[in-house]
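Across the two complexes that follow, chain A remains constant while its partner is chain B and subsequently chain C.
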Partner chain A sequence: MKRTAVFPSLIRDIRKYWAIFRTQLVNSLAYPLDLLSRSFSMVLFMWIFAQLWRTTYSASGQESIAGLSLNDTLWYLMMAETIILSKPRISTQVAEAVKDGSIAYNLNKPYNFILYHFSVSFGDSLLRLVPNALIGSLVVWRLAGPPPATRGWPLVFVAVLAALAIDFCINAMIGMLAFITEEIRAFEWIYAKFILILGGVLIPLDFFPEWLKTAALSLPFAYTTYGPARLFIDPDWDRFVTLISRQGAWLLVCGGILALIYRKGTSQLAINGG
Partner chain B sequence: MRREVIFLLSLWKANLLAAMEYRAAFISQVLGMMLNNAVYFVFWMIFFDRFKEVRGWGLTDMLLLFGVVAAGFGIGVALFGNVLGLAEVIARGGLDYYLSLPRPVLLHTLASRSVASGFGDFVYGVLSFVAAGQFSADTVTRFILGTLLAATVFISFLILVNSLAFWIGNANMIAQQATNAIITFSLYPITLFDGTAKLLLLTLIPAAFVGAIPAELVRGFSWQSFGQLFAAAIFFFSLAVFVFHRGLRRYESGSAIQVQL
Partner chain C sequence: MLAIEVQKLRKVFQTKQKAAGLKGSLRALARPDIKSVEAVRDISFEMQNGELLGLIGPNGAGKSTTIKMLTGILHPTDGNALVLGKVPWKQRRDLAYKIGSVFGQRPQLWYHLPAIDTFLLFGKIYELDDAVTKNRIGFLSEAFEITHLLETPVRKLSLGQRMRCEVAASLLHKPELVLLDEPSIGLDVVAKQRIRDTIKQMNAHEGVGVVLTSHDAGDIEALCQRVIIINHGKIIYQDKISNLKRHYLTSKQVDVRFAEELTAPPTLPGTDVIKVGRYGMKLKFDTQNIPVAQVIATLAEAGNLVDVTISDPSLEEVIRTIYEEADKL
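Right, the complex of A and B next:
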């Protein structure tokens, strides 16, 4: 009796959020030039990274540093940058909805505010991933040689999706902070920098001192960028299983905290006027 | 000239008073930006911990570079914060308000907004310079000089790219990308780049005049680096003023005169 009640509703929910996701995808596709111009940053960053790491490898006189060749390092950085540059600024959107009160209008709509933003965010991210990865790959291929084995790509794609989900939860939490502090920009900046350093976007965690690498691997940031990017250059099943199970654990923790903050925030929401 | 200086000082005072109305938000942005920059610098600490130096650049050089770039950028956007949104102001007819008043349009537009986080950048820049350990009357003077000239080049470059809005309409994305590019390039050792890349950083995206050359001036005075930096500041500033005023001749809007609160 319960089963028949739960499943049609679940399927209806999935269809609803799938429709939101698809609408966002189509919306973004309407502005192809905008999408391409955003990918300009990929060219800029990959070119600078190539100069920096080429010089560093040549100065060190080593073919491989911490087990990574120059080619590995640059393809790693390409994947990490692709992920980071494909994320929409969801914390700003959530914070704006909290600050201007439009979150109140969404509460009586037939969808969950968080899942709505999750679907929109995924639609945006997936569409940005493609040009970023393509343009980044072209630059790195030209500067450093061919990409890693293609057999790992489907696994990397799954890991990237999990990474984007963790990042969404943390970003939405930052946006929800607007319930407490009106200004959330400082939190956004600091989170972004944590991702750059502890997420291994600027430098692979393999180059860190051992204690710092261990510390970074015990935080969620490493699973939003370092994990998928490392899997990309060194794809194997065991690495994938370890990564996806840790991503799953962080997703549960971050998703749980987000749900709690959302429930507490909306229960204290004061709506004035009509 | 004296009248303009008094006007500018009044604008800055009004901006500061407005920021102080929301003291908690102001302080959180200042401290947040300082922490943000400090976390970013951790990258170079990790890098130089492992690789010691890259083509003659070490951690102290990076501290000086970050010092001059952060202080230059910070003072620039704290005093002339509207430069970051100038393309948007032009595209939506926002210059009508400034054109209707008997004050220099460019100066008034740029100084009518202050970016609070710029104060955080500025303080971080000074702290980074102090952390480099080259603290003497000479170096302090050179740091102030380098910072002011770097800020001039930076603001002039932003006026130039944002002024594209006079010709192409929506120049927001280009202006944003150009801003990112000059900041990103200015924070890397110049010795990484050679040939065409270096030429690019001295001309089209003048990041060398915002980072490496002022940092070199702070490290040790040479007439060459001072001359290059001074000439670049004069050149880019004159070009920016010229291009903005040429663009202003093409400016049109649907009459958006409104009261600024």
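Right, the complex of A and C next:
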């Protein structure tokens, strides 16, 4: 069969993964009500956070804690929650594909298995990001006032994409543990808790004791949620450059480990059901 | 030219064993019992370009494992294979452009989307020009009679409709070889026949080679020129379908009806009487022991024959005989 010869291989690959990304976007739109109703959980979460932190600030008798006002904190949590709720359960999808044998279909097509799932994951995430951010913003605006700054939004968007990419790598690694352990729920649970605490989803890392904040910032979890959320409330070019370079470094580390696990896993693959 | 060349291919899986109950679980935790299962044992065979080859065997025989090694999904434990001149597990991505595959129990179409979306995506994945993809979709939709189904979400298609779309999707990039693993599983007789007809048509028109695995002998009989029978991971028979029939189809079954009631059924040495009724009888015999003509002549002497049916054993029966012979070895 004649293939397109005019495009160099990189462009061809980009077209391929772009098509997978777009198909996933369309796929996610198959059930728009489900998509929208899931985003409404933002209303509940943000309302609870507002009650909790209003009480905390009032009890402390201070306008700001660790440099963050109540308004900053709630907008920070809105961004962190938006990222968390927009992540697809890629580890479960990869693990299921390994366990039920449907990985066979992913492996016998002319694409990279990891980049295929990366494209699917991004297609899914981006579609969830928009309603999550929109609904979350409306609630926080109503409860705490306007966002602290809007000028850094394009930078935040880039940081969010990098955060999703790191999260994808970690989640895919967990999913691929199914090659060895078959069951991965325990690892998913541990990762979710790390994100919640060390990623600063429950409490901004700024409120942590200094040693714990330093420890958290030396781990990848902080760059999947805390980094972009903090940039959102305090956009600054230097902060952005620091964040994106650390995200880039973690992406290289996590991507490298993922590629190794994938290579090892596929060479030892045993597909259930023959 | 050879499409597939397999030499002493072997696959051993390691599986964890666990005794029943809590005690068994705890023991398995402390000292896991790993058992080696030899799914494919030193199989060797060849396949010509454009050939229709059937791979038949009971569940767990090693058919699917063989197919998965030939597509490069599984790495073999030992042995060599060349598929269209490539080592599948080393050149999987290159090979993927040249082969198509359908794994009957694992859908490749996007479940919530209409089949046309998956077809268009596959066009991009296989790096086809958009115009080529559209022409190809048009051609396959007509060949597989799925034009009216293309815009229906896959989840709303019947199994037969979905399988026609699955096979059409596997042919979108005009592969030189398709590997169909149980494409007719779960289908009714009509749907099975439609799938068989279209596969035959694609083989005749496009010269695409087909490796078909099935545990339904009817699929192989209707489609394939040559058959390989696998049992317990070993090839126990490989030859042309016609030779298989000639070699094993030596028994006949005769079903006769008489005009008048039978007073005394005829005695026919060398035959097994299956059933005797008031107006007819059914018997089975080996043509090497007694010729068909002699059986018919004896029956004709016994009464006024109004109907005679002579039938061969089904391929399934033949295969059962081969399995039994192989198990005795």
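The working rule: the second predicted complex is superposed on the first by the 262 of 274 C-alpha atoms of A that agree within 3 Å, B and C clash if a C-alpha of one lies under 4 Å from a C-alpha of the other, contacts with A are read in each partner's own complex, and residues count from 1 in each chain.
The rule we apply is simple: a residue touches a chain if its C-beta (ideal position, glycine included) is under 8 Å from a C-beta of that chain, and two chains touch if they have at least 3 such contacts.
Because the structure is a prediction, the values reported are computed rather than measured.
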Check the residue A:Ser37 against both partner chains and state whether it touches chain B (first), chain C (second), both, or neither.
-> first
Quick one: classify A:Asp236 as touching chain B (first), chain C (second), both or neither.
-> neither
Give one of first, second, both or neither to describe whether A:Trp189 is in contact with chain B, with chain C, with both, or with none.
-> first
Between chain B (first) and chain C (second), which does A:Ile197 come into contact with in this model arrangement: first, second, both, or neither?
-> first
Contacts from chain C onto chain A in the complex sit at residues 13-15, 39, 59-60, 62-65, 68, 71-75, 92-94, 96-97, 99, 101, 103, 105-108, 110, 112-113, 117-118, 120-121, 124-129, 132, 153, 173-175
Give every residue of chain B touching chain A within the complex, in rising order.
-> 22, 24-25, 28-29, 31-33, 35-36, 39-40, 42-43, 46-47, 49-51, 53-55, 117, 173-174, 177, 180-181, 184-185, 188, 191-193, 197
In their complex, what parts of chain A are in touch with chain C?
-> 1-4, 12, 15-16, 19-20, 23, 26-27, 30-31, 100-105, 107-111, 266-271, 273-274
Provide the residue numbers of chain A that touch chain B in the complex, in ascending order.
-> 34, 37-38, 40-41, 44-45, 48, 51-52, 55-56, 59-60, 181-183, 185-187, 189-190, 192-194, 196-197, 202-203, 207-209, 212
